[in-house]
Amino acid sequence: MSEPLLQVRGLAKRFGSLRALDGVDLDVAEGSLTGLIGPNGAGKSTAFACIAGAEKPSAGSVCFRGREIAGTAYHRVAALGIGRTYQLVQTFADMTVLEAVTTGALLRRPRLRDAVAHAQEVLAFVGLAEKRYRLGRALTIADKKRLEVARALATEPALLLLDEVMAGLTPAECAEAVELLRRILARGVTVLMVEHVMEVLMPIAEHVVVIAAGKTIFSGSAAGAVRDPAVIAAYLGSPLEHSEIAERTP
Amino acid sequence: MNTFAQLLVGGLLTGLVFALVAVGLTLVYGVMDVVNFAHGEFLMLAMYGALGLALLGIGPLLGLPLVAIALFLFGIVVYRVFVRRLLAGPPEATVFGTFGLLVLLQGVAQATLTSDFQSVSNPPLQATLRFGPIALSQATLVEGIGALVLTAVLFAFVEYTETGRAMRALAEDRVAATLMGIDVQRVNGLAFGIGAACVGAAGSLLMLSYPVYPTAGAPFALTAFVVVALGGFGSIQGALVGALLVGLLEVFGGFYLAPELKLVPVYVAYLAVVLLRPQGLLGRR
Amino acid sequence: MTARPHLYALGAIVVLGLLAAFGLREAVVLDLIFTLLLYAVLGQSWNWISGYAGNISFGHAIFFGCGAYASALCVTHGLTPWLAFPAGALTAAALALVTGFPTLGLRGHYFSIATIAVAALVETFARTTPWLGKANGFELPIASGWAALQFPQKGPYVVLALALFAAVQLATIALERSRLGYYLRALRANHAAAASVGIDERRCKLIAFAWSAAMASAAGVLYAQYTLFIDPPSTLALAISIDIALIGVVGGIGTLWGPAAGALVYVVLAKAVALRFGGAGKGYDLVIYGAIICLIAALRPYGIVGTIVDAIRRRRGALA
């Protein structure tokens, strides 16, 4: 059994006297799609930020490809092989779609010509090729999210971190997103996604980690998660309501 | 040792006046995220205003509130007519916009007023007081104490009044404050006006011992920027602490280096602070 | 957008400039063209850091001064003024690093304040240091020929200024189509997103700033060899920094041809002010310059060229 691509142990983060994270453990196997879920206020966003390098953890370790990366300067994380999207989409408003993705591609391909070529390829891959000359500000929210994924993919990450990418999408758009996710996995990119929209996540996640009150309370299969009493208690508090989710889970 | 004590007291008193100049700047920054590069010109206008009143026979006791009110109104007008529009544009616009205001005001001053150094012919408060080994002019003492009192008044305003609380709310989280129903434009305008009023008061005090000429504001402005950066942008207490430090640096620098080099340690300190502790001594950002 | 139209425009300007340099005899006109070209170079240098990188510099005169003083020092020590190009550029770049290293990773105003502070320090230093001529500055001895970089007629100076302008424009065209150019644009567009794709803000901006300083220095070398007299007020004063900022702002920050347009406006304006009010010193020029900067900042922050480019983009339906 090979080393997990990402290994998080005892991650803790304090904001003043608030303990946002109090011991999060997380493993992401190479080539898998792992879901990070938990009730509101559980600390998912904080954990995500610490893994992505946007926040420095107060304690604990984040090991990526066997190397400790906690506390790395935020702008160096992409070069290490981690790409990310934002919960509140961060678009380059006045750049065209192609320019935005080229900016990402420039990380590994310093020559503009090569970067543009790679960006074109990534755009075709995510399905934004026809819109390549549109300005970022002129896209729908679903396309903006798609663009953000493309931009991150252009940096050729080994691990792609997605922050509530399904939020605000219609069911049809969600289905398209899932299809894109499958293609990303097929390309060899590992995915860790924080998600709230359970109906979409549970069917596709090979591995699920549940956080509540800043701690990991479950790590295993999606099917196991919906039946786990600690998870049920954290989310719902009542054993009756969980049956709906259990029905949707393979 | 006597010299040291003299310099120390002089530096602290000078620093107090710098604090009054700087708090206006830091208040405006805290509330609306704008560094008013024309701040020094506001000071220069205040000095001229106070000088004009003094020449008409109106002493500093009445002159200071008059100048402060005049600058307050001026600040509100400048905000409504100009700064408000800058805020709607790209961030660079607020930077070169207030710089343009600096150039404009400087030009107006040079065009309408003589470039000669001016001061009142019979300046008040010129008597020298002695506190043990330390000699101070009355003016310096009045400036320092006046500045301290006014800074405390401003601090109280920001802490305890409703408008002050609104300003702190905007400084803390603009989006949330707007959602709470705070009238951003009104509070911004008031903050800008109050900032100008502080500078107005400072100008009235400084007129007592510094000559008045069109470019008089510039060195104080730059010092004010350094003070605010040292203390932390947006923090009034920080501005006070930073100002005292800068006052000491300037006075000691002027004595031990050379009078025209007195600002060198100040600028070097700025670069050092920004390098080592960008949020300043007491700042949050 | 392809570079071709820009290259054609630049070529046309160079041809016109050469015609003027070799064809015209009136010293006044040649002087105007020389000044125009030099200001366009200074404006473009300012544009690299204040426009493309988005950090407004208020002390750009000191980089101009680096080149001017380097030239004067070379000549007074018996060296060829051509050495002033690398010497001035390196000094200017060093000053840029000192100013930018602590400040270019922070919010914009820290940098702008630092440029004012460093400019004041440099000006004080030059004014009080004996080997820099103190307040008197330098008078360059008269010489002639390409080795001495001095000429009796104005024509060759115009050619050199033209060469410098062309070089700077070509460099800017290259910048827009380079990784650094893209990275600077991304930083201006969205800071968080830029960091997430690996862009190191301070490093990118320091590189842009160092090149910006070097370009301004080159203009300073030419200036010194042209006027043969330099002192702190003529090369390091705040007034010069104001002029440079005006050119950049009016022309359009972050645009390729903004500085050239701004220089044109400035030269015309300065002449008009001089005619109407009899030269600087009374403040009227500052009133006009200040008012223009304020109007641009409040109404058309992207300047002449920026507003035109914006209109073209809108027409092209990029927002469709």
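For reference, chains read A, B and C in written order, and residue numbers begin at 1 within each chain.
We take it that contacts are C-beta pairs under 8 Å (C-beta built on N, C-alpha and C of every residue); 3 or more make two chains touch, one makes a residue touch a chain.
Bear in mind that the values here come from a model prediction, so they are computed numbers and not experimental data.
Most remote chain with respect to chain C, judged by CA-atom centres, is A. Ranked by how close its C-alpha mean sits to the mean of all protein C-alpha atoms, the top chain is C.
If you average the Cα atoms of chain B and of chain C, the two centres end up 32 Å apart. In this assembly, the C-alpha centroid of chain A lies 48 Å from the C-alpha centroid of chain B.
Distance between chain A and chain C, defined via averaged C-alpha coordinates, is recorded as 45 Å.
Touching chain A in their complex are the following residues of chain C: 177-179, 182-183, 185-186, 189-190, 192-201, 318-320. Those residues of chain A whose C-beta lies close enough to touch chain C in the complex are 52, 74-79, 83-84, 86, 90-96, 99-100, 102-104, 106-107, 110-112, 115, 133-138, 148, 151-152, 154-155.
Every residue of chain B that touches chain C in the complex is listed here, in rising order: 35, 37, 82, 85-86, 89-97, 99-112, 214, 222, 225-226, 229, 233, 260-261, 263-264, 267-268, 270-272, 274-275, 278, 285. Chain C makes touch with chain B in their complex at residues 50, 54, 56, 58, 98-99, 101-103, 106-110, 112-114, 116-118, 120-121, 124, 128, 242, 245, 249, 253, 281-294, 296-299, 301-302.
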